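Chain lettering (A, B and C) follows the sequence in which the chains are written, and residue indices restart at 1 in each chain.
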Amino acid sequence: MDLSAINPVLLLASLMVAATPILLGGIGELVVEKSGVLNLGVEGMMITGAIAGFAATIETGSPALGFLIAAVAGAALSMLFALLTQYALANQVASGLALTLFGLGLSSLMGQGYVGLKPPSTPKLDIPLLSDIPFLGPVLFQHDPMVYIGIAIVAATWATLKYSRVGLVLRAVGENHDAAHALGYKVRLVRCAAIGFGGAMAGLGGAYLSLVRVPQWTEGMTAGAGWIALALVVFASWKPWRVMVGAYLFGGITVLQLNLQAAGVKIPVEYLSMSPYIITIIVLVIMSSGRGKAALGAPASMGRIFHATG
Amino acid sequence: MIRLEKRAQPSKVWTYATPLLAVVLTMLAGGLLFAALGKDPVLAIRTIFYEPLFGQHASFYLPQLLVKAAPLVLIAIGLSLGFRAGIWNIGAEGQYIIGALCGAGVGLAFYPTESVLIFPLMVIAGGLGGWAWAMIPAILKTRFGTNEILVSLMLVYVAEKLLIGMSLGLMKNPEGFGFPGSRNLAHYPSATSWIDQSLGLHWGVAAALIAVIAAYILLTRHMLGFNIRLAGQAPRAARFSGVNPNRLVVFCLGTSGALAGLAGLFEVAGPTGSVTDSFNVGYGFTAIIVAFLGRLHPVGILLAALLMSLTYIGGGIAQSQSELQLPAAAIQLFQGMLLFFLLATDLLTNYRLRLTRGATA
Amino acid sequence: MQKRTLLKGAVAALALAASPAFAESHGGEKTKVGFVYVGPITDGGWTQGHHHSATEMLKELGEDNVEMVYQENVAEGPDSERVMTQMALDGADIIFTTSFGFMDPTINVAAKFPDVKFEHATGYKTAPNVSVYSARFYEGRAIQGTIAGQMTKSNVVGYIGSVPIPEVIRGINSAYIHAKKVNPDVQFKIVWIYDWLDPAKEADAAKVLIEQGADVILQHTDSTAPLAIAKEAGNVIGFGQASDMYEYAPSPRVSSIIDNWAPYYTARVKAVMDGTWETTNTWDGIGPGMVGIGEITDAVPADVKAQAEEMKAAIAAGTYHPFTGPLKKQDGSDWLAEGEVADDGTLAGMNFYVEGIEGDIPQ
């Protein structure tokens, strides 16, 4: 056993990279759920974003364009879900699961010509001065732009939800769609926009996997990241900043677990990998028993079908 | 402008017509997809839907349809009770795994003793295992008001990790040359769930059929079934008429967990044979879709599960025939389409489409 | 009992009634070959290697003589059993099942179709119509170890393990023994990801190993992700696994272990055509060409390369066995005496590390 082999600077730095895909997927789903919709299709949208972004980058040579296309592809796929749940009034749980199945099939079909290719690398942002700060520099300021964009999106989501009118409407729709409708808000439109945002974020998260973190395309490469993103939202009790904390925790456990293994520490890997989920359940219980339902932040209308009569 | 008008009563005609309509639409869209891939669309559709049922080797495929559908039916029946009452267990996959682990654990513990008591004990352990795993979200819900959707989903991941741990550790076959995976229960006469393998008949198939009948009776003839439906349709009215919501939660989650656990046990002791890290193939999630495709009705679920199984089996044939050689991804996409159409067309059952001019909506 | 036979009769009658109208002819004299794959044929590793070899076999024997069918992404368990039966019913003469988890299903289906030949990869159960085949990948690991031991400057070699089964443990031992031989200070860091193919986790594992000082990465997982990470890190080398992964040459990929099943597939299908097929238990290595060593690039110094190639020749000729004593087990107990060579039985079930490797095999 040699714990000194673990370099905390590098551990923290790679934790930020490992957390970014689930952070993006999670923040998108948070907005979706805030609007009162439960979309279990994150995995399907993520993997579609992964291949769309990868293919676009290979074809154009530009990772930036790749990320953009990934977001568009994720959003486009989510519109299928929006159509089903908002217009055909289908059950959200079943539609989300079907979306995942569809996305997995679609992505592997799209990806058949892209196996074994190498994408042009996404340049790292070496922020002058800041990146030279000892410890903090390498941990925080030597990453690719998407790491910062991810954090910026979390900040923007938090500010929008908390301070803007858009955020207010979104929350109103999520809390009580009938009342929101009576107030003249376009419930369906708001929800479709939220679903689209969720799809775009999931697409970005997927592309981060195929363009930066791995970087390559392999069928089924998200390997459950979309499901973790779903768990994150719950863990965060629907608060944007906590999604970030959760993403670092979930991503961190994986990185830490590998680090401990490499350092020769005998750890029961399966039992350690269970821990984030068990922690999530405990958090859920504490939140729901503690200060009453309101503190939980779970949108009251979540998962319910809205149909305006009148 | 199209407007939706809610029907006072779900349309009887559309209840039966929408699944057919969805299948036809899927055939059209799927045909386009296959044609775009350069495959013969007619042959592809025929292979998927016709070959397993009436083709040359139907005598083999028909029983396989039952083998594939049985766990789906068993799980979906349990889930449908809760879904009707507005209780959302989406962690059946986890309950399925735990049921299999508990049941297989009992069987493996007795190996190589032969006794008629072993299999019944395994059944009890499997059911109890699934039940106990579902009791976690049930108790948390009734005690603390914790959301059961999320807790049951989280527990799926926990169960999956537990399964890996078991197949590499405690349950590993001591005579397996160090390979992961337990002894094969299908080769252990006292522990196998097979009744007749060539007929595709195992206790899970029998249990699935019994569950369909029992659920039908419960929902149409029994007070509890009435309460379940009432709680889903009019929660306030249900409370006034004395339905205890907590007891309903415990009953619905417990029943669906136990059935999922049983499905896992029958599967591990028969068709799959052993506990391995890849033992679960997503039946718990597919069953959720099956429950909705079957419109939460026992007979509907049976038919929906058979339809899903048909696309799996037919899709497999379409892959491995040299004149078609459809990629696996195309089959998956095709199944996705089928689900979308089935879910979307359900609209017609509960709503009426009205064409209106210059409406303001 | 009565009832069951009755039912069986009914099913059979149903099938009979349905079959004549749509019966398909079994297509002349072509030999029909089926492949059952556990992953997608584009996985870049294990399944792709089998599929590539299968198409090579088809080319070699000619499409006029052989008809090939396959099914990818087949789940282990009842699905695989159905797929095999389906191929047998459709007239396959020989079926290759290419994952360890297909072992019991293969045996079950083979019992029902005594006239169809089955070939199961990496398993240990045979039957009159079931052969097993596997490759001595550890021979390739010996060469990797030789290169790795001399290439590492930090004396830390990272090893990404998939699932702790004998094959993977053999590979670790073989690589370690030979790295140690050329570099007594070498240390192996091993991480297990509990999966054969999970690019994200493989990438994370490679990253962690590099962060902990490894400058050579060996992998027993199927994706090119570790190589991509090694490339990003700069002064780290790695090896292709299952397929050549030449797109990462000349560095970080300095060589590779290539699964080359094509000669075996060609020989076995030919044996079916000639009527000479019989049950065998094949465990071939570099000599017969089942294990290929990908080009050693110029990133490797000439003398190291020469040494590696010399070892390859010796293994191929059968004059050198990678597990030759004196060797001790990790706990210090004796395993092989001076000059003694490990027997296949011990190798097949290998569940211990050799002396010098740190850490425990996960249980």
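Note that in this section contacts are C-beta pairs under 8 Å (C-beta built on N, C-alpha and C of every residue); 3 or more make two chains touch, one makes a residue touch a chain.
Every value quoted in this text rests on a predicted model; they were computed, and no experiment measured them.
Q: If you take the mean of the Cα atoms for each chain, which one ends up farthest from chain A?
A: Following the centroid criterion, the farthest chain would be C.
Q: If you tally the C-beta contacts for A-C and for A-B, which one comes out higher?
A: A-B
Q: Using Cα averages as centroids, what's the distance between chain A and chain C in whole Å?
A: 35
Q: Would you mind pulling out the distance in Å between where the CA atoms of chain A average out and where those of chain B do?
A: 28
Q: Which chain A residues reach two or more other chains?
A: Counting only residues that touch two or more other chains, chain A contributes 108, 112, 219, 270.
Q: Residues of chain B that touch two or more other chains: which are they?
A: 164, 168, 327-329 - these are the residues of chain B that touch more than one other chain.
Q: Which residues does chain C have that touch at least 2 chains other than itself?
A: 40, 194, 362
Q: Which residues of chain A touch chain C in the complex?
A: Chain A reaches chain C through residues 5-7, 10-11, 14, 18, 21, 108, 111-112, 115-118, 121, 209, 213-216, 218-223, 225, 254-255, 258-259, 261-264, 266, 269-270.
Q: What residues of chain B sit close enough to touch chain C in their complex?
A: So the residues of chain B in touch with chain C come to 54-64, 67-68, 164, 168-169, 177-181, 184, 186-187, 196, 198-199, 267, 271-274, 276-279, 281, 312-313, 316-317, 319-322, 325, 327-329.
Q: Where on chain C is chain B touching in the complex?
A: Residue list for chain C touching chain B: 4, 7-8, 11-12, 14-15, 18-19, 22-24, 34, 40, 67-73, 75-79, 81-83, 85-87, 89-90, 100-101, 104, 124, 163-166, 169, 194, 348-351, 362-363.
Q: If we count contacts the way the header does, which residues on chain B are in touch with chain A in the complex?
A: Touching chain A: residues 4, 6, 88, 90, 136, 140, 143-147, 149-151, 153-155, 157-158, 161-162, 164-165, 168, 285, 288-289, 291-293, 327-337, 339-340, 343-347, 350-351, 361 of chain B.
Q: Applying the document's contact rule, which stretches of chain A touch chain B when the two form their complex?
A: 38, 40, 80, 83-84, 88-91, 93-95, 97-99, 101-109, 112, 219, 227, 230-231, 234, 268, 270-271, 273-274, 277-278, 280-281, 284-285, 288-289, 293, 298, 303, 307-309
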